[in-house]
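What follows is subunit A paired twice: with subunit B in the first complex and subunit C in the second.
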Partner chain A sequence: MASLQGYVDRRVLLVLQDGRVIVGTLVGFDQKSNVVLSESKERVYSMEEGVEEIPLGLYLVKGDMIVLIGEIDDAIDEAVDLATIHAEPILPIRY
Partner chain B sequence: MLIFSVFKTLTDQRVTVELKNDLSISGVLKSVDQFLNIRLDSIKVLDETRHPHMMAVKNCFIRGSVVRYVQLPAEHVDTQLLEDATRREAANQTRR
Partner chain C sequence: MLPLSLLTAAQNKPMLVELKNGETFNGHLVNCDNFMNITLREVYQTSADGDRFWKLKECYIRGSTIKYLRVPDTLLDAVKEEQTRAREAGRSARGAGSGGGGGGTRGIGGRGAPPRGRGGPRGAGPRGTRGRGRG
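Right after this comes the complex of A and B.
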């Protein structure tokens, strides 16, 4: 079964249907892949400036909105200076 | 249900998943569930220079509803078997 159990208490990166990227600690989930993140931050990507991190706090994301949940390798994530990353935002989902 | 079974036979194979936001991710298929949600290990985003967003992500869970295509390793799919199984399922359906 492709379950989210292995991601509990881990730092994860969520990609949402509208292209937003949210990082946080996964504290809970359910059958419909609704998830709760603690200490979450949105990462805003743009070509003009480096990545901006906006603190969101405790966040519940509806399963319908989720595209992907990835486990963050903290060593790699901390080694990257987000301010130097310039990238197009991820495209929204198109059916 | 048939496709779910096909995916289950493909665990531990490397597949490429194209999402409906034009992101393509290749990785080792770890598991799949009834919604065709997919777990991938050792992932690589195609065109990584354009999509550095997931640099620090090594394994991920992809929601089945956002998958557009899955590229499968041809040598690990028995198309003859799949064809027969599809016919059998279609036959069962008309009988009902």
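Right after this comes the complex of A and C.
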């Protein structure tokens, strides 16, 4: 059975259906994959300037909206200088 | 920690709710249910493009239309504390010597007891179609 239990108390990265990328510490989840993130930040990507991190705090994201949840390797993540990253933002899902 | 326990603990607290259509609602949580349907009081509604605002005395939001909720940071510690208190209370209620085995917030009794209680009467009841003994 797939479960998020192994991700609890770890830093995770969420991609939402609207293209947003949110990083935070997974503090809880439920059967519908609703998740609670603490100390969360949105990472805003653009081609013009480096990645901007917007602090969001304590966040409850509905499972409906989540496309993926990935565990962050802190060592690798900290080694990356986000300000130097230029990338196209992820487009929202369209039906 | 379950998302719904956080939400129930957020009653009377300020929060920001964004809907799937991009509209946002800022207000104080009045009530919520297991579907995450919520009612807010003293609400500022913002259109998806962010250039129109409405002030609402109270509003009801269907849980399925919500994208995310942003709640006060302080709530996390409050809920964690409450859960430890509940665990402690459960442990002492069950008796000190019983070695609770880390049953978490959902007590051991809660999981074990109901099937035992209901199992008997249901099997023996009028709906029991598996007449194994006679066949």
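Definition applied: the second predicted complex is superposed on the first by the 94 of 95 C-alpha atoms of A that agree within 3 Å, B and C clash if a C-alpha of one lies under 4 Å from a C-alpha of the other, contacts with A are read in each partner's own complex, and residues count from 1 in each chain.
The rule is simple: a contact is a pair of C-beta atoms (placed from the backbone, for glycine too) under 8 Å apart; a residue touches a chain by one contact, two chains touch by 3 or more.
These numbers come from a predicted model, not from an experiment.
In the three-chain model built by superposing on subunit A, subunit B fits alongside subunit C with no clash. The partner that reaches more residues of subunit A, of the two candidates subunit B and subunit C, is B.
One geometric descriptor of the composite model is the angle centred on subunit A: between the Cα centres of subunit B and subunit C it reads 90 degrees, in steps of 10. Once the two complexes are laid over each other on the shared chain, residue contacts for A:34 go to subunit C alone; subunit B is not touched. When the two complexes are overlaid on their common chain A, residue A:95 makes contact with subunit B while staying clear of subunit C. By the touch criterion defined above, A:48 lies against neither subunit B nor subunit C after alignment on the C-alpha atoms of chain A. Look at A:59: by the touch rule set out above, it reaches subunit C but stays clear of subunit B. Once the two complexes are overlaid on the shared chain, A:2 sits against subunit B while remaining clear of subunit C.
Of all Cα pairs spanning subunit B and subunit C in the superposition, the closest are 15 Å apart. Chain contact summary for the complex, subunit B toward subunit A: residues 19-23, 25, 30-33, 37-39, 43, 50-63, 66. Partner subunit C is touched in their complex by these residues of subunit A: 16, 18, 27-30, 34-36, 38, 56-62, 64-65. Listing the residues of subunit C that touch subunit A in their complex gives 1-7, 20, 22, 36, 63-64, 66-73, 75-76. Remark: subunit A residues 1-4, 7, 13, 15, 17, 19, 21, 33, 43, 45, 63, 66-74, 76-77, 80, 85, 87-88, 90-95 touch subunit B in the complex.
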